[in-house]
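The two complexes that follow have subunit A in common; it is paired with subunit B in the first and with subunit C in the second.
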Partner chain A sequence: MKWRLIALIVGALAILAGAVLIAHASPLASLQSLFHGSLGTPVAIAGTLKETTPLLICGLAVFIALRAGLFNIGVEGQLLVGACTCGVVATKFHGITGMVLGVICGMIAGTLWALPAALIKAYRNGHEVITTIMLNNIAMLITSMLVSGPLKDKAQSDTATPYVDANTRLPWVYSNPPVQINLALVLGVLLCLGMAYWLKKTVGGYELQAVGANRTAARFAGISPQKVTMVAMSISGALGGLAGAVQVLAYEGRFYDGFSPGYGFDALGVALLAGGNALLVLPSSLLFGILSKGGTALQIDGIPKGITTVVLGLLILIAAAIRFRQVTKDA
Partner chain B sequence: MLNLIELTILFSTPLILCAMGGFTSERGGVINIGLEGMMLMAACVGALVSARFGAVGELVAGIVAATVMSLLHWLMTQKYNLDHVISGMAINAIAAGGTNFLYLKLSDPAHGSNLPHLPITLFAITGIALPFILWLYSKRTRGGLWLMAVGSDPDKARLMGLQPSNVRLWGLLATGLFTGIAGVELVAYTGVFTDNMTSGRGYIALAALIIGGWRPIPAFIACVVFGFFSALRLQLQGTPLFGAELPPQIWASLPYLVTIVALAGLLGKNRTPAGLGRP
Partner chain C sequence: MSFAVRLLGITKRFGSVTALDRVDLEVEQGAIHALVGENGAGKTTLMRVLYGALHADEGALELDGNAVRFNSSREAIAAGVGMVSQHYGIIPELTCLQNLILGAEGGPVLNGKVAEARAQQLAERMGFSFDWNADAATLSPASAQKLEILKLLWREARIMILDEPTAMLSPADSDALFESLEQLAKDGATIILVTHRLPEVLDHCSRVTVLRGGKRVDEKLVSTTNGPELAKMIVGEAIERYESEDCPSLGDAVLDLQSLTAKGARGDLALKEVCLNLKSGEMLGVAGVDGSGQRELFEVIAGLIKPISGSLQIVGNDGNNLGSWDRIEKGLRLIPEDRHAQGVVEEWSLDENAALGLQRLEPFAQKNLVDTDARKQMAGKIAERFKTKHGGLNLAMASLSGGNQQRFVAARSLCLNPKLILAFQPARGLDIKGTQQVYEGIREACRNGAAALIVSFDLDELLEQCDRIVAMNHGKLYEPQAGQSKDRDAIGRLMVGAQ
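What follows is the complex of A and B.
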């Protein structure tokens, strides 16, 4: 199996090198600008950490569904409705109340958005990948409709909701402008630790992973796969909504049309790369943060941003191939 | 009224072709979420080649591009034993990013939005004939029965002396062919490639296949129904309903909504090929 993995990695690198050649750039120079743009300066590092925050929380959302054997491709849509709801709620209230209510309402919205997919999967056995993708498309269209119509702030020329008050925004834990790190990142890290604990040490976490490992066996052990499917998708949706809410309260300050550059999709790569360990979501999301921030630097060099999505796809393949190798070794 | 029928055919054709690509793959036991990516890749490469080598070159290049993606899926699921859904998602990501990259770097902006293309009628006829051909093929020919056998029970098929991964190779080559034609058709009637132009059609086609119980003719009917709703959207968009004009986004989400409702309500008897996703 080893030579196959090596062949896969070599193939992936060949594709990337080919792409860089097509773009008439030098592979080494692009790699350099990728890392310089993401880790080269304190400002770049802060930017990378900013990108990492939604990827981490969304990554956890995909991860928990994946542990229950579900592919929640719908995190993108859950993030959008969460962010939109939070953007509206947080402008109606002020200070801590607005912050807390915004986050809670965002999470509820995310859960509700995941619910149809969860119900169809649990009780009709309709594949969650298809339903969540449909829900993504609908979320994109509906939020776009809302911010260009009823929710639009008349004071701005953009299609966006009004800005959230400064005292409703999530505070910075480290602020030395232009280098700033938001509480949101700390929140994400704590969530990650919490999830690792929950999955490893509690009955609920055990049941969830039992269903993910083998639905039939779990059913014979007295665990209801339907219930676990509902729980896992609800948590996943809530986390997706949370990612959106936090993105509004920490960084963006408002919801606007085209809010997410695809965090929900990148999160899929984050979770798959992390494999079976919740703690690995941390380094995995950081890697994607680097790719995402560095991708912007590449764009300035004339390499289209699509290349980072190709890297994501190749990384998914390689990560999954490595995981398989481990499975056979254990068996 | 005639316009509505025309539009329905126009919108159903890529769905049907794509769903039939899904049929040859999934009946052989390979879950194929990657239909979307294969179609997108075909559309992009087709458009790039069409500008230089004309309509026939477009068709050939589109089919080759989709087949390459399809073969990658075969390699990953059959040789690397990857989870089929993961491989499909990776293919979609590679196609989404790759087409963005290739088109920005290689397209010739002078061509605008009138690339040479084959007549749309040709695609429509293929789309209408294909489900019936595949139905006969899967019921009446040795190759078709092999494919069904491998998809229904790979272990028993092995006992009968079939090598599932080899049979699936042929299934996935057909998937490449059909999704390739579907992608080229999309470029043919819009006349230009745009980023993510498949906009979920691959998934809708897959939903149609599932709702149709993995059978070509019911899947064909499901595709036509989805096509009809897309056509309806285009016809009704902008006309007032119950005294108020609905925003275009509501109409645009109609096909996706119909897919969800259909998946929630129409899944009756479990017709899932028993070997789906198994090695």
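What follows is the complex of A and C.
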């Protein structure tokens, strides 16, 4: 019954083509400019990789929570508090110290931001989706308030923190302008490999996934779902905070109002598309990066950037359909 | 003498299983008639036939002397038959009034005032009081039960079937319930009471029908019978008695419970002052009807719920200091009741499932690292042990049939030198051969120094397999008197609370 899947994909493409036609553009030309805008030139590739970095780290944050059966919608908020904290710490300290402290404090801030949701989920069974969404709003408003007031750099007209020193910024591991690869991306890739290993090869990873797959059976196997919930949400929050911190140290150089275009939310798609395999977060985040960067190019052609969101939505649906077929075939 | 209900020669088969075999039931108008029997005796099935929820394969139904045929519960309700099932049909999000009238609103337009007035009238007649606009979620089990009875009255049921109505009630609430039932019967209602509890039968019913294994054993006037006789009819004569060939040599105490009291999921006292001592080498059966506290006993020993008082010693360690994993480390192994929900992760492979519940023990783990080669090897052994049929160790657990999953779960619990095996219906869903294999496996572990505590609702299975049997009833654990530890009648009496 493979034809159903093919029909689904053809249907999805038809919807896309239809949407592009409605926007008075040629589907083929749009595709071309999407890829040209994201992968066609060295500048575009550098931009895509830059876009991919926070998506990768945030994707891992969502992914680890998902493996424990938790929907951490709060990565966006965790990223914001992480970035804001790092933006402050990295201007107080300089060089390597500032870098390391900025990253650590960003991670701690992200963890603390995830903590209420973790506690409420673990010990009061309050749904993490609700609590993390609420924490997102709080994070957005608080960080916005902070950079408008107490943390605002008087020297700038923007509502932003001061820039961190050049020697406190994360270095480029490969720099041949315009193509540059930041240490942040390497860090993200290493984290991804590390997480894949941890989940597959350690007892902790096994137990975390047992809770995600069958909470009751995990309990009967001597695992505490409460503890696992706390651990998974803490790691998830720390990664969200890390994503924000490296975004400041690698690319932005400061924290400002409206810092994230929604990396934490796109990360949900990244993780869902990756399914059950941590290594697939890599290509998944790259794909999101391509579409995000290419979407900007599309916009110049007069096609709404939102079309890339439609593409992503359809991709996730198709991935879910394929996975569902695999599961039912096994059964 | 007029019969409100006559069920004649009812036979009901589910596939190859005959759940009811030519069962007759005659219930007098205005009586409280008890229907008793073990789990799986066919009581609920028979009542579902009367209620129109199941179709009999053979047999006839008469109400007030007229032959009837129900194609659905709706028709049965229209004819005046009402049923309160074991699991209440109360929807917590609706108000009490909405619950009361749900499905019997009497028209497309609801008139809240009229409905409330009538509801109030019915409640007063029964001596109940309800806040009609409160959410049903706020109801206690006893009030929910009362609301269920009012639902029957609302539908003008003349024949009321109550399936284990006191299962969730405190003794005081049960007494109040029976008072209302007796009032209803006096007013002309006919009540059929499905129950496990003999004192209820003896105190409140006029006639009693005993079912066993889908057959009617007998029907008696309550005034002409007594508890021990009924208990004997319920559990039947043992077909063959197992005498342990060799009296096992017992070692040190592996499990010791002292006045253990614990709460159940509903906040009631599900375990009351339970004392139990289990020595290595021993296979102990815990008999009792479903819901007598076996689940809580299992979970307290496994460390899944905390007792509110009392002490437990597990393999020589104070259980109050041990988490559920620590107990596994000390040699506790579980065969949970519901393999699907508690024993396996269905979407995981057999290989991955092999380590579940043993995941931190060698050889599954070496210093917190999963040893995948060892796990694969163990998975093969576990599957081999009771001949689990599977298509490959890397296939999902969901690809196995229930019986094969059970074999896998049972074999896994016998791995890595068990000291105390805690098994809840270990042969659930297995055929005779599989059952023998699993029990033989447990027995072998006990010969090697383990002890086993086996909960089953099937007394015959326990009599056949275990060295010693205790019974649970209403959260209390009863040891048969000396010399009666394998006495079917004595244990049967303890199970139903008829000493």
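What we mean here is this: the second predicted complex is superposed on the first by the 321 of 331 C-alpha atoms of A that agree within 3 Å, B and C clash if a C-alpha of one lies under 4 Å from a C-alpha of the other, contacts with A are read in each partner's own complex, and residues count from 1 in each chain.
Everything below uses one rule, namely that contacts are C-beta pairs under 8 Å (C-beta built on N, C-alpha and C of every residue); 3 or more make two chains touch, one makes a residue touch a chain.
These numbers were taken from a predicted model, which means no experiment stands behind them.
Residue contacts after overlaying the shared chain place A:Phe71 against subunit B, while subunit C stays out of touching range. The partner that reaches more residues of subunit A, of the two candidates subunit B and subunit C, is B.
In the superposition on chain A, A:Leu287 makes contact with neither subunit B nor subunit C. By the document's definition of touching, of the two partners only subunit C reaches A:Asn214; subunit B does not. When the two complexes are overlaid on their common chain A, residue A:Tyr206 makes contact with subunit C while staying clear of subunit B. Contacts of A:Gly222 after superposition: subunit C is touched, whereas subunit B is not reached.
With both structures placed on the common chain, the touch criterion links A:Leu101 to neither subunit B nor subunit C.
On the subunit B side of its complex with subunit A, the touching residues are 33, 76, 79-83, 85-87, 89-102, 104-106, 199-200, 203-204, 206-207, 210, 247, 249-250, 252-253, 256-257, 259-260, 263-264, 267, 270. Against subunit B, in their complex, subunit A makes its touches with residues 4, 8, 19, 22-23, 71, 73, 116, 119-120, 124-127, 129-131, 133-135, 137-138, 141-142, 144-145, 148-149, 265, 268-269, 272, 303-314, 316-317, 320-321, 324. Those residues of subunit A that touch subunit C in the complex are listed here as 200-207, 210, 213-214, 216-224, 327, 330-331.
Of all residues in subunit C, those touching subunit A in their complex are 302-304, 323-328, 334, 336, 341-348, 352, 355-360, 365, 368-370, 372, 395-396, 398-399.
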